[in-house]
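Following this line, the structures themselves.
Same chain, two partners: subunit A is paired with subunit B first, then with subunit C.
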Partner chain A sequence: MSASTPVQVRAIAWRSLIRTARQPAQVVPAITFPLMLFAINAGGLDAAAGLRGFPAPDYLTFILAVPFIQAGIFAVAGVGADLARDIESGFLDRMALTPVSRTGLVSGQVAGTIALGVVQGVVFLSVGLAAGARLETGAAGALVLVALVVCIVFAFGLIGVTAAFRFGNGEAVQGLFPVLFVFLFLSTMGLPLDLLEKEWFQTVATYNPVSHMLDGIRSLFYGGWDGEALALAFAMTAGIVAVFLPLAIATLRQRVVRT
Partner chain B sequence: MSGRSASVARGVAWRGLHTFFHNPTLVVPAVMFPLFFFTAFAGGLSGVSNVPGFDFPENYTTFQFVFVLLQASAFGGVFTGFAIARDFESGIGRRMMLAAPNRRAILGGYALVAVGRAVFVWIVLTAVALVAGMQVGGGPVDLFGLYGLALLINVAALMWAAGIALRFRSLQAGPLMQTPVFLIVFLAPVYVPFDLLAGWVKVVATVNPITPIVEAGRQFISGAPADSLLAYGAVLALLVVLGAWALRGRRRAETAG
Partner chain C sequence: MSPSDHPASIEVEGLVKQFKKGPRAVDGIDLRVEPGEIYGFLGPNGAGKSTTVLMLTTLLPPTAGTARVAGWDVAREGARVRESIGAALQEAALDPFLTAREHMRLQTALHGLPATERRRRGDDLIERVGLGDAADRKVGGYSGGMRRRLDLALSLVHRPRVLFLDEPTTGLDPQSRASLWQEVERLSTEDGVTVFLTTQYLEEADVLAARVGIIDDGKLVAEGTPAALKAEIGDPGLEAVPAEADRRADMARVLERFGDGECVHHERGSIGVRLRGGDTALADVVRALDAQGIAVASLQLHAPTLDDVFLAKTGRSLEGSGDGDDDARVAPEPSVEGAAA
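== the complex of A and B ==
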């Protein structure tokens, strides 16, 4: 990293922050849609807490983990669409003419989405607690939760960045949105692993990284501190970053060469 | 309907269905989304059937099939509303209004498109559900009752979406077409029978017209229809109200020129 890279990241990140803040059409659904699904699922599946072996004190606390993952899914669409617009408008080409570092360009682009992730994390937690959920790990757990959400948003945001560099248009990036919902729905979103009856679904959920992220978040709400669950959740997000950060930089290089 | 009106409806329907079946970006999501919901709900939540008081006689795959069938039918209607908005954006809608001797027939044509799309999705979804182990306790008459409900909900949802599409005449009104339908459908007993709902969702489900439709659909497939009159009454009432909404929308589109 050259000496000027932090300065470059700051400038690009500031632009990304301002741009996100100025787009209510991006911010409002990213907060309201996950809350809407949370409210519907918490009420509709309340009876599931009566299952033998159900680990959470109530279904509301159990399902509260889901909006935090949805924050990551919205990050893919948000950062990807912004970046695709930069490509379509020629902004990226102009940036490529400057000596800005590739790492700075990629990392800075995610800043606005990370800021939105912090807001989402705080809002979802506040609404959940107001609705009756309990955070057993207290204030320290809340901080770890927000940190985990930021990591998830950053990791998923890099998928959006890679897709934007690869496809170069917003419509294609938006097409990833339902694909990522598949990962959420084929996880332990609705029931814990032990209570999944279908063997094939249990296998898919076991190897689905989203299940481990959900488990990490849930460990903060009930059952006390669980280092293993948290470590796995952070490791999964680190794994996504490890795959998609180099991939994003590589696709950026290819795009710059092409243009 | 006169011969000329029938001809207009057939023309609009042929065009709409031709566009749908020749465009993979329309066909694939129309089939994949219901299959995805079915897989996720029937696969991931089957343990919910072990909740004390869960008294549906068939398996959870069957329980979820009915919901997904009705949901897919409703969204088939909504997505046909998108097609109406797209036609008005491109100018085709306005030209059809100029050419048709009876403009209500245009709406009838779009209804045929919505039904055609829904039937295609029903065939795929039913085949997949049977392969996945769906149990059918009802006889042919019961199944006719179930698919009849699905058909009427499909047309009712189309009327809602058409009312929006004809007023705004732009795809930008898409969220207005689908969000209320999404909410009303998901605020019915989706995952458990009505008696097991709790809290505010139960209060909403009590007055939600989709609730008796979903409940009756599940009774039909298990061969024990009890509330079918209430369900058909609810869906026909929706159809009348939303049909009037769509026809008023058509008048707004005429006035706009």
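== the complex of A and C ==
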């Protein structure tokens, strides 16, 4: 099979971008929902910042890390639903009948969601700063933050890709959404590890990759540059890619069995 | 480029598709389609039409048998086959959020057309299928007929020599159907494109196809030109409706005496039978019905249709297997309408 040309991948990516941009129902909740949750948490749980050993200057800054992870969760649903629709409508077959390679088919598809991830990263950061958060690492930190968000969105997007190829319908992919939210809640989302009272919760949160992503993001806001926290966050993201990229390709092979 | 010792456009031998834990969807099909020919693949839902098309278009590996399309083996030379074919598979596979022009832009790029040619080729094809005015509207707002026409145009981007159309007019109104037929015919006659068309509409196969293959239960049960298949049946069909619904059984008994088989009870309330002895027996039928005191609301005699061929070959009528679309079965010949009570 011939490799995909840059022209082909660019064309698929371009289509993915247009499609995402033209679906307000996908874009608007992906931006507003995390911000709403952020506003509720920042306003209502402010007192938690007074707890002994609370690391952040205020609860708002602490909880601001959460929307960036939610961008990833929305990416699962976004990529997955788009791809599932392509499978159901036969659009994937149409593309599979052209000389494009299988990997070209997938890589282009994620482009729209990654672009949305950049927008989410910038918007969440801007709103957070406007609400009073401080980014200690400055402009460089902002760039690293957006880069991390893009990686997170790509990694989670692969989960959506895998689910779409495996199940082939949008409902099944949407079903992942609550599961991933549980994953988010079983992390250091609401409180730092030391302040989690229940032992089982602490254990789960310790091994939950989401906790490490949150810590990496938070390290950019307070405490100064923390290479270890950042490395862990990127490593966890890479771990998800390492698991789900092969899975995505394997399920793609089952879905597109062209000779 | 294609091997010269395989002049046929499509050549299929003993093609089988056995799904895991499933039925033998395609059960040993042989067929051959000549270059430039329109071949109608006719059968009810679930007969194996689409599965056959998926194998011929390389999207599904065959379980057994061989198939060559444009000279290339579908199992071993998939990429070559794909270069040579265009396909509009079931239900127009389009993105509702893109316009027709944007679809063309994607499709021409995926097929690797040179940058300078992409725009022109796309615009030409859009004009050709009559979507010029709608080219910059999102496909989500298109009618069924417009979608099918765009679908067809997209399948032609790389100038394929063989075209696969899987139920291209299912669900379309008669006008949209006719306009699509016209386009398909033009592709065959003017451009010499070979067309492999699946349909559950007998009229479609009758109008378009030079040759027809009837598939039922994964097997090819008949093949030939529509005229030859109909001639094989010979006797004309008689279709009658009693004036009083409760006399249907009586009427069926009378008709059976003149038929060469059992009566068929159509959904629309009429009773059909293949009339032994042809047109000359009609007067006897009318007399016999009269003698029994059965009033007739309508009585039609029609030359054998492909539906009759289908019935004869499969023991079932195709009409009930589709989506209840009756005008696909309109008899092309003039009929004796309302031959009184």
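We take it that the second predicted complex is superposed on the first by the 252 of 259 C-alpha atoms of A that agree within 3 Å, B and C clash if a C-alpha of one lies under 4 Å from a C-alpha of the other, contacts with A are read in each partner's own complex, and residues count from 1 in each chain.
Here is the rule we go by: a residue touches a chain if its C-beta (ideal position, glycine included) is under 8 Å from a C-beta of that chain, and two chains touch if they have at least 3 such contacts.
This structure is a prediction, so every number in the text was calculated from the model and none was measured.
Undergrad: May I ask you to decide whether A:15 touches subunit B, subunit C, both, or neither, giving the answer as first, second, both or neither?
TA: A:15: touches subunit C, not subunit B.
Undergrad: Which partner chains sit in contact with A:177 here, subunit B, subunit C, both or neither? Use first/second/both/neither.
TA: Touch status of A:177: no partner.
Undergrad: After superposition on the shared chain, which partner residues are touched by A:23: those of subunit B (first), subunit C (second), both, or neither?
TA: Only subunit C is touched by A:23; subunit B is not.
Undergrad: Now for A:186: first (subunit B), second (subunit C), both, or neither, which partner does it touch?
TA: Once the two structures are laid over each other on A, A:186 reaches subunit B alone.
Undergrad: For A:44 in the superposed arrangement: first (subunit B), second (subunit C), both or neither?
TA: Touch status of A:44: first partner only.
Undergrad: Give the list of subunit A residues in touch with subunit B in this complex.
TA: These residues of subunit A touch subunit B: 36, 39-40, 43-48, 50-52, 178, 182, 185-186, 189-191, 195-198, 200-201, 205.
Undergrad: Which positions of subunit C touch subunit A when the two form their complex?
TA: 57-61, 74-76, 78-79, 81-83, 85, 87, 89-91, 93-95, 97-98, 102, 105-107, 109-112, 115, 138, 154
Undergrad: Can you list the subunit B residues touching subunit A in their complex?
TA: Checking each residue of subunit B against subunit A gives 29, 33, 36-37, 39-40, 43-48, 50-54, 183, 186-187, 189-192, 196-202.
Undergrad: Any idea which subunit A residues touch subunit C in the complex?
TA: Residues in contact with subunit C: 1-2, 5, 7-8, 10-12, 14-15, 18-19, 22-23, 86, 89-91, 93-100, 256-259.
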